[in-house]
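Shared between the two complexes below is subunit A, which pairs with subunit B and subunit C, respectively.
Moving on to the complex of A and B:
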């Protein structure tokens, strides 16, 4: 894992001191709320429905057990005993007092964490594939590059007051688990014809009220140029992005209005003119950053793993967990284990202080002390010996953390919605809970197979509903909640925006509508191997529209 | 309003001239981009020291060819949240090697001072009373470690060429 050196530690400590002073000046009335807002936002402090909210950065979703225990401590002492993992691999605390925020930030600094740039019109936490450094299909671990971008963009003097927030994601494998095409910049690690590794660059993706899939503007950015190329994109955006209308200020609108070709030309021209030699990533620098993320020493384990195979043969529940929540590791005899934060009927992404501590213990015992946060609001233990999986599974069950539903219909992404969020037009968490209840029993979800449902409580789309196989958007019509349903979205390398099926459904009928869609899918699929998305791509939206609107 | 230049308050010798006013025979004269572009070439050769005030949306490119004749470029920040001027400043310093005074005017606040300085501004025109009060009381921005190369006197960190420290802290 990346460890802070003196430089990083001093930087974060100074930053905490600076924010402490800003909070003091705000409380003394020397800063107006308008002047204070961007300052607190750049330190992750939001003003919400019930209270302030603090969003803590988990760079590229990687955590140590010590850090996770600190988050548990903060949840217990400054909040109501739980935290909420978000789709951007961060954690939010919904109830801290403003006056406590500097103290929380200095506690975080003790474990090499911060909340810098988790909000505000700046470069946000750079996210990565949650299986980075472990997955068998990976070309290269994206995290060294995320860390380089994190450092370079932290309090960057030129890019701290962009037209709007700016999100970057990097995926390290051909199968995109980081949703790079719905980010302001998405980098996909690729190998070119000469066998060199670099980045395909996508710009202008995003969800929100005007969703766009990003355009590829370059097939191959060499590693050496990653920072300079990113700077060129940001400079074009900083100078040309719209500032007259907050809703048109994201880079996606600039790319849309200017055209992807013109955007590419502008970026290339800027890149050619202003390459800064200090920002060139030399092989020495890259090797150093790679060493921070080196694979832990994984002792060789027998293959096949007998302990694992034995339990799998005897215990159907365990076998189900293993097939649903474990994927192949690059080292034989190991697996990458996802811990679902979506218990049946639970609140997606919520985790109690006790559960965080349990996961921290398990990571130390079984997973070489690494934990990851997935953008699907789950946790991951990236390096687990398959022979340890039976013991790990039993202990996860003790903490109510062994729900075997990764990628299934009950693994729902949901934003906080009207229960916490001041911008919400409808509730989203209760809808997620009811859908989960509906499909969560008697192996029904497993029979349905891979199916992603995402829910947002307003058009800002924090729940990524556009890129769900079944997306649900909560709106308000004449004082009543109404839910619009889309189908056929995807967030991976086949990225697509879902298609609206028709008029919305009431809170009472929306779960029935989802069930009707699922039943229709089960009828029209060719076999169990044809998942929901493939089926939709073959048959289109017509059968789903028909069942919802024509039979009535 | 007060002028804060290179870390201290300074007298401002620049005079803003609008279209109706006659060009003086000498002195320091600040013009809008439009006024500067209208100025006859012969007048540009006078004894006057010229400065140009760029509004947001007016680019560094527009004055690139004239920089040898300019002693001051002032850049307007209509709201402190409008960050275009930071890029304009860097382009003037890095690409066009402008060595004259670079001045930020408009909504200039205490908590952004280091951002201005690190983008190459050496002078700030400040009107915000709280910012003035803090500076008059001798308060300085606190950050001394930076993760990216900036303009001005910074010492590179040995570990990475883009990491820097404020020169004062490195010698302290």
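Moving on to the complex of A and C:
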């Protein structure tokens, strides 16, 4: 992974010292809250319902065991012993004291981490496919390009005060695991007719109160032009994006109002006008950044893997885990292992300090010291020899981390909701927990098959409800929580926004409503091979509307 | 019936104004304001505490007496008062420290 050079280390250390002084002046009353708020937000410190919240950037979701142990240490010594992985591959601590935040940031700096640009109207953490560098279907690892974008956009003075926050994601495989079409800019790594690798550019996607699927404005951006093309998009947005209304300030509104064709023309004109030779990515630069993310030296392993096959034949639980949580690696004999942070009835994305340390140990023992965070709020060990999988599975079970439910109905994305968040209008975690309990026993989730449920506790949609197969949006009506259900959304390369089924449901009835939708799906699917989304795309929303509203 | 609440500057904890002018963690022991002019007087006290860098983000919270005491009426303020409604997992060391 990328390692800080002297410039980076000095820069982050100076930033910590600066913030330490700012916090001291705030606590001494020398700065007002109005003066201090933007300073703390620039360092990832928010104020939530019960306490401050510190959001720490995990660039493109890649962590070393050393970094994960540091996050565990911070959870244990400065917080309440746990952290919460977010839908942007970051981690949030829910209970830090303001006075401790400079010390926490100093500890993070020691492991080459920070919280810079985890808030504010700037380019946020550039996210990537959590299987980057490992997946069998990958064209190329997106992380070198994420890192280039990160370095270029970190405190870039031209783009530090955009009309609104700006999120970029890069997917490296045809199967989009990074939800690129619901980002301000989504780059999909592609191969053109000449066999060259570059980027398809999508612009203007986003969720929130006005959800849009991004428009493709270029089929192929050569690698050399990645920074210049991104700069052209940002420049058009910076000049033309609305600053009069916060709710209309994201680039998706500009693209929607201007039109994708006009946006494409404006970006191309800006690109032609301002292409900066200093920003051209030479093969030497690209190779240097690729070297930071080189595939570890994976010793040759026998195929088929006898340990793995033997255990799979004897142990149905292990076989289920292997089929649900392990996908093909680009190197035969290896697998990419997802660690579900969705125990049945648990809080999506929450992980204790002890579990973080356990994963760090397992990454060192079995996964070439790499850990990833998925935007679905799970962890990933990207390089595991299949013959090691039985031992890894047993140790994951010891730490309650072996829930075999990746992609199933109990693998629910959920924002923190009204239990923590000052923006939320309804709770989301308790709904996720009850749905998980409802479907999480007796093999029911496996019988249902792939089904993504996402829950947001307000219209800002941090829980990505618009792009769920079944999406749940928590709102408040006359002082009471109410939950609106959508169906048919998708975050992958077939990206679509869900369709609202009808009036919302109470907290008491929403889980029954989800169950009614699932039962209807089971009745109308052609076979077990037709998953929920395929069934919806064949039959539409009518059967689900009928079961929820017309029979009542 | 209302109380005045805020977040404590040092740690962001939820606090309430009591009858001695202190900012305390227990809503049950908070000063109750029965009229709008009294609420405004409480919010003026809060402004002074904000200026003194003790608290931030003060506002009035409607409350009601119930069988088990005084509580915030809205769900949002009840969650601020009582903490998350979900049982988050904590590590023993962190729990002991706090």
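Please note the rule applied: the second predicted complex is superposed on the first by the 545 of 552 C-alpha atoms of A that agree within 3 Å, B and C clash if a C-alpha of one lies under 4 Å from a C-alpha of the other, contacts with A are read in each partner's own complex, and residues count from 1 in each chain.
Simple rule for what comes next: contacts are C-beta pairs under 8 Å (C-beta built on N, C-alpha and C of every residue); 3 or more make two chains touch, one makes a residue touch a chain.
Please read these numbers as outputs of a predicted model, since none were measured by experiment.
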item: Clash-or-fit label for the pair subunit B, subunit C on subunit A; value: fit
item: Included angle at subunit A between vectors to subunit C and subunit B, based on C-alpha centres and rounded to the nearest 10 degrees; value: 80
item: Subunit B versus subunit C as contact partner of A:161, first or second or both or neither; value: first
item: Which of subunit B and subunit C A:82 touches, first, second, both or neither; value: second
item: Touching partner for A:423 - first (subunit B), second (subunit C), both, neither; value: neither
item: Touching partner for A:479 - first (subunit B), second (subunit C), both, neither; value: second
item: Which of subunit B and subunit C A:52 touches, first, second, both or neither; value: second
item: Partner chain in contact with A:433 - subunit B first, subunit C second, else both or neither; value: second
item: Per-pair minimum CA distance [subunit C against subunit B, superposed on A] in Å; value: 17
item: Subunit C to subunit A touching residues, read off their complex; value: 7, 9-14, 50, 52-53, 56-57, 74-76, 79-80, 83-86, 88-95, 97-98
item: Subunit A residues within the subunit C interface of the complex; value: 26-29, 33, 47-52, 75-77, 79-82, 94, 97-99, 346-347, 350, 352-354, 418-420, 427, 429-430, 433, 476, 479-481
item: Complex interface listing, subunit B residues touching subunit A; value: 56, 59, 80-84, 86-88, 90-91, 94-95, 109, 111-112, 114-119, 130, 141-150, 156-157, 159-163
item: Subunit B-touching residues of subunit A, taken from the complex the two chains share; value: 5, 7, 10-11, 14-15, 17-18, 21-22, 25, 30-31, 35, 38-39, 121, 151-162, 227, 235, 238-239, 243, 273-274, 276-279, 285
